[in-house]
Amino acid sequence: MSPADSGEVQTVVAARRLREARSVFIGVGRPSTAAILCRMVHNPELVLVYESGTIGAKPHRIPLSIGDGELAETADAVVSVPEMFNYWIGPGRIEVAFLGAAQIDRHANLNSTVIGDYDNPKTRLPGAGGAPEIAASCGEVVVVAPHSPRTFVEKLDFVTTVGHGSTAVITDLGVLEPDADSRELTLVQTHEGVSIDQVKEATGWDLAVADEVAVTEPPTDGELSALRELVSR
Amino acid sequence: MAEIVPLRDAVAGLVHDGDSVALEGFTHLIPFAAGHEILRRGRRDLELIRMTPDLLYDQMIGMGAARRLVFSYGGNPGVGSLHRFRDAIENGWPHPIEIEEHSHAGMANRYTAGAADLPFAVMRGYAGTDLVEHTRVRPIACPFTGEELMAVPALRPDVAIVHAQEADHDGNVQLWGIPGVQKEAVLAASRSLVTVERVVDELEPRPGGVVMPGWVIDAVSEAPGGSQPSYSLGITRRDNDFYREWDAISRDRDRFGAWMDEHVMNGVRA
Amino acid sequence: MAEIVPLRDAVAGLVHDGDSVALEGFTHLIPFAAGHEILRRGRRDLELIRMTPDLLYDQMIGMGAARRLVFSYGGNPGVGSLHRFRDAIENGWPHPIEIEEHSHAGMANRYTAGAADLPFAVMRGYAGTDLVEHTRVRPIACPFTGEELMAVPALRPDVAIVHAQEADHDGNVQLWGIPGVQKEAVLAASRSLVTVERVVDELEPRPGGVVMPGWVIDAVSEAPGGSQPSYSLGITRRDNDFYREWDAISRDRDRFGAWMDEHVMNGVRA
Amino acid sequence: MSPADSGEVQTVVAARRLREARSVFIGVGRPSTAAILCRMVHNPELVLVYESGTIGAKPHRIPLSIGDGELAETADAVVSVPEMFNYWIGPGRIEVAFLGAAQIDRHANLNSTVIGDYDNPKTRLPGAGGAPEIAASCGEVVVVAPHSPRTFVEKLDFVTTVGHGSTAVITDLGVLEPDADSRELTLVQTHEGVSIDQVKEATGWDLAVADEVAVTEPPTDGELSALRELVSR
């Protein structure tokens, strides 16, 4: 088997994060892949919740949208969007939320609205979607994002989502978690072959580094072959 | 009681220039056929309301039908940007549009307030975000606990348009699969149109079926395949390939225009 | 994930003296078996919450299990009075009970607020009625229009108990037919018990089916016929004759007591 | 056929009231019988709505409760109780409401809560149920009640439901409607064989009488036989 690329490592690490979780709220893309992978190799009972209203979806393939037919057909329950937000997300019934973001700051505030000025944007992004209330309500937030100074910024252009106290950030370089005292996102883990300096250079603020930085246990053959099989479906 | 009429007549009668129009359907059952008919009828200055503008509003914005957009997530799900939406906001092409944006939870609650004929709904949200100064929300205190929550104003579209799998001859409608906010949109609007895959003699109750009686709907129109490239569970499949192709089609203004002329306007374009 | 346990154990573990307990079911799926088990376990000082107290709360009040009653309609539907409910309020027998009463709309909105973990809900209602000074509601102004509406406080029972047709071995539950406020009651409560007609290997999706995943439920107990004399659509029928007979049985304190001893307490009465 | 008794006349008159209606909200008892009768003889398209959540129920027999199985099985749609009140009743989607009451005053305020003092009641009644919001929201309210000074009172012991501007009251003696100017309930119709004085005596306030008091057209054979057949089912 060819070695894992950095994106695969990121997905595998995100999947491991859900090993003990009961339920996870996911959007499309890498978070969805990670959550499905987790159901395949670690935690078959993991409940996948998509904001389209599907609770307990069991997709066999990676969905393109959060509302693909397979999600509705395999879900334990399908509810309306108002019910999803009011009865399920708002009261904090979903343990973990996987979110993406175009920008993130050291306090895990997220921007998915606009790059540049709101009224004269350089790049108009999709907007809030479910993120603000999902981040505020779920017990734990995991941001999955590519590590670059464009994404990890000193100051957000727009605060779409307020940082959640227990946010972890899983990137293609390593893992950031909030420091127990400062609450600032701190490098706690690097992926194999990634140096601390490399992570600091890819971060737009002066990244704090934990006293002990763990090195990611590389994807096992089982994880990697399951991931590749999933992606190929 | 809903009248069953051809789509062309339903749109001509129900959608006027300047209306606020909600074409809803959350990933599933997006009423593309009706939106395209609005374009062919040449409707202009619309306030387009939709949680997820998706390809349909990308097309309507790109064709210049929108004066204003009310939304919560303007992306091509799983693919990336909505290029016509971006071009309108970033460059004012084909003309500038106003926007009012919310979170999904905010929009969903705005529809529920509209459906209940209440002026607002209460939720936890928005606080601490930059959305507060760019949209219409107001803090509100719980009169029992003092907790500060957020009020969002009701949505009351002039017209709601949704797509469903089936209607019977009396215009009773049933949809199943992901129900989104369609029922709320219809109940919140002053007028409503439901396009359906098929008209049947009798609605057979389905697991997950959401039934809307014909007497809360103004018009029902048959539009087989009318939610494509999104889908109608059990009848059509989501055309994920087209969602990917749209990225390239929509990226270029000329290519977009040519595509719309060929596939939607059929020479009707003014 | 819900544990599937005998009803006796579920009630013993989940319902304590002094708890606020909502046994819901709107005409349909009233959890009689669970209520009777609460009586056999000798639970006391309960705050009993239910939109329509019905025969079940008439029995629980008459047996002295209630300290307080929160409700919106305390009648024997289609028949007349609930005599034990009346005797408690009019004559303090077997002991006085506190009451807090609302309208149906108020109670329903209180449950929805509880299910959403919000401290209150907003509605139009109560204004101009004498309910205002006898219950817990507060006026609230719309921050957008200034209209004065009414706020009702969330219901957050310690325990919710509902009855459903089916559960699977993981404790996922499905009910169908009139859904009432059962989902809201379960989601609003700190703990929950669902009694079911039967445990099946797999839930077959049904028209009108309301599914509650096992992970929002604490315990599921098999109780075939457990909603009688109300009913479980598709499995049992409402025993309308018994609803009529209850009028005579419950009218007299001694006859009531004898009936309860024989049919419910089975000699367990303290 | 034996002549109609006063209760039958009341039911027939109530049923006629729904001849042109699209939808009616009904509780159990005489209102339910009248609405089903109306579907049988006058208006087969009439939509019956019960607060249990059944919209468009088509009962063949008179239900004992508002949640009998037949109502759910024959309904066009069955919704939760919160949805019934928030999406259907509150916004005024139901044209006519049929209500009962233990007491009614000249302004059509209703008491269904208590006779006597609230804290030391002489008779505790069932309480509000759906009535307050139903009366406030439906376009027209029809109260169906037996005519006696105990029911038609000068002053209610408790205001459960605020009088609706367009309330009609159908009793076993006649029909009251609000006067166009005073808004006070006024006798506009008596059933055959009932004198105006008889109605005034059965009313606990000084009942206003319209300049022209119509006499109820007696139940036709068709109405009466349909009613009797319905009751016997």
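Just so it is clear, A, B, C and D label the chains in written order, and each chain counts residues from 1 on its own.
Just so we're on the same page, a contact is a pair of C-beta atoms (placed from the backbone, for glycine too) under 8 Å apart; a residue touches a chain by one contact, two chains touch by 3 or more.
Being a predicted model, the structure only gives us computed values, none of them experimental.
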Touching both chain A and chain C (chains): B
Rounded Å distance between chain B and chain C, as computed from the means of their C-alpha atoms: 39
Whole-Å gap separating chain A and chain D, where each centre is the average of the chain's CA atoms: 58
Centre-to-centre distance between chain D and chain C (centres being mean Cα positions), rounded to whole Å: 28
Residues of chain A whose C-beta touches two or more other chains: 86, 90
Contacts with 2+ other chains: residues of chain C: 112, 118, 123-124, 183-184, 208
Chain contact topology (line, ring, star, complete or other): other
Contact pairs between chains, per stated definition: A-B, A-C, B-C, B-D, C-D
Complex contacts: residues of chain A adjacent to chain B: 28-29, 51-54, 63-69, 71-73, 78-82, 84-86, 89-90, 113, 118, 121-133, 136-137, 158-162
Chain B to chain D touching residues, read off their complex: 1, 112, 115-118, 172, 183-184, 187, 211-213, 215-216
Residues on chain C engaged by chain D in the complex (per definition of touch): 26-28, 51-52, 71-75, 77-79, 81-82, 85-86, 89-90, 101-105, 108-109, 111-112, 123-131, 134, 177-181, 183-184, 208, 231, 233, 237-238, 240, 243-244
Residue numbers on chain D that touch chain B, as the complex places them: 22-23, 45, 47, 55-56, 76-77, 86-87, 90-93
Touch list for chain C against partner chain B, complex: 118-124, 136, 138-140, 142-145, 147, 149, 151, 153, 205-209
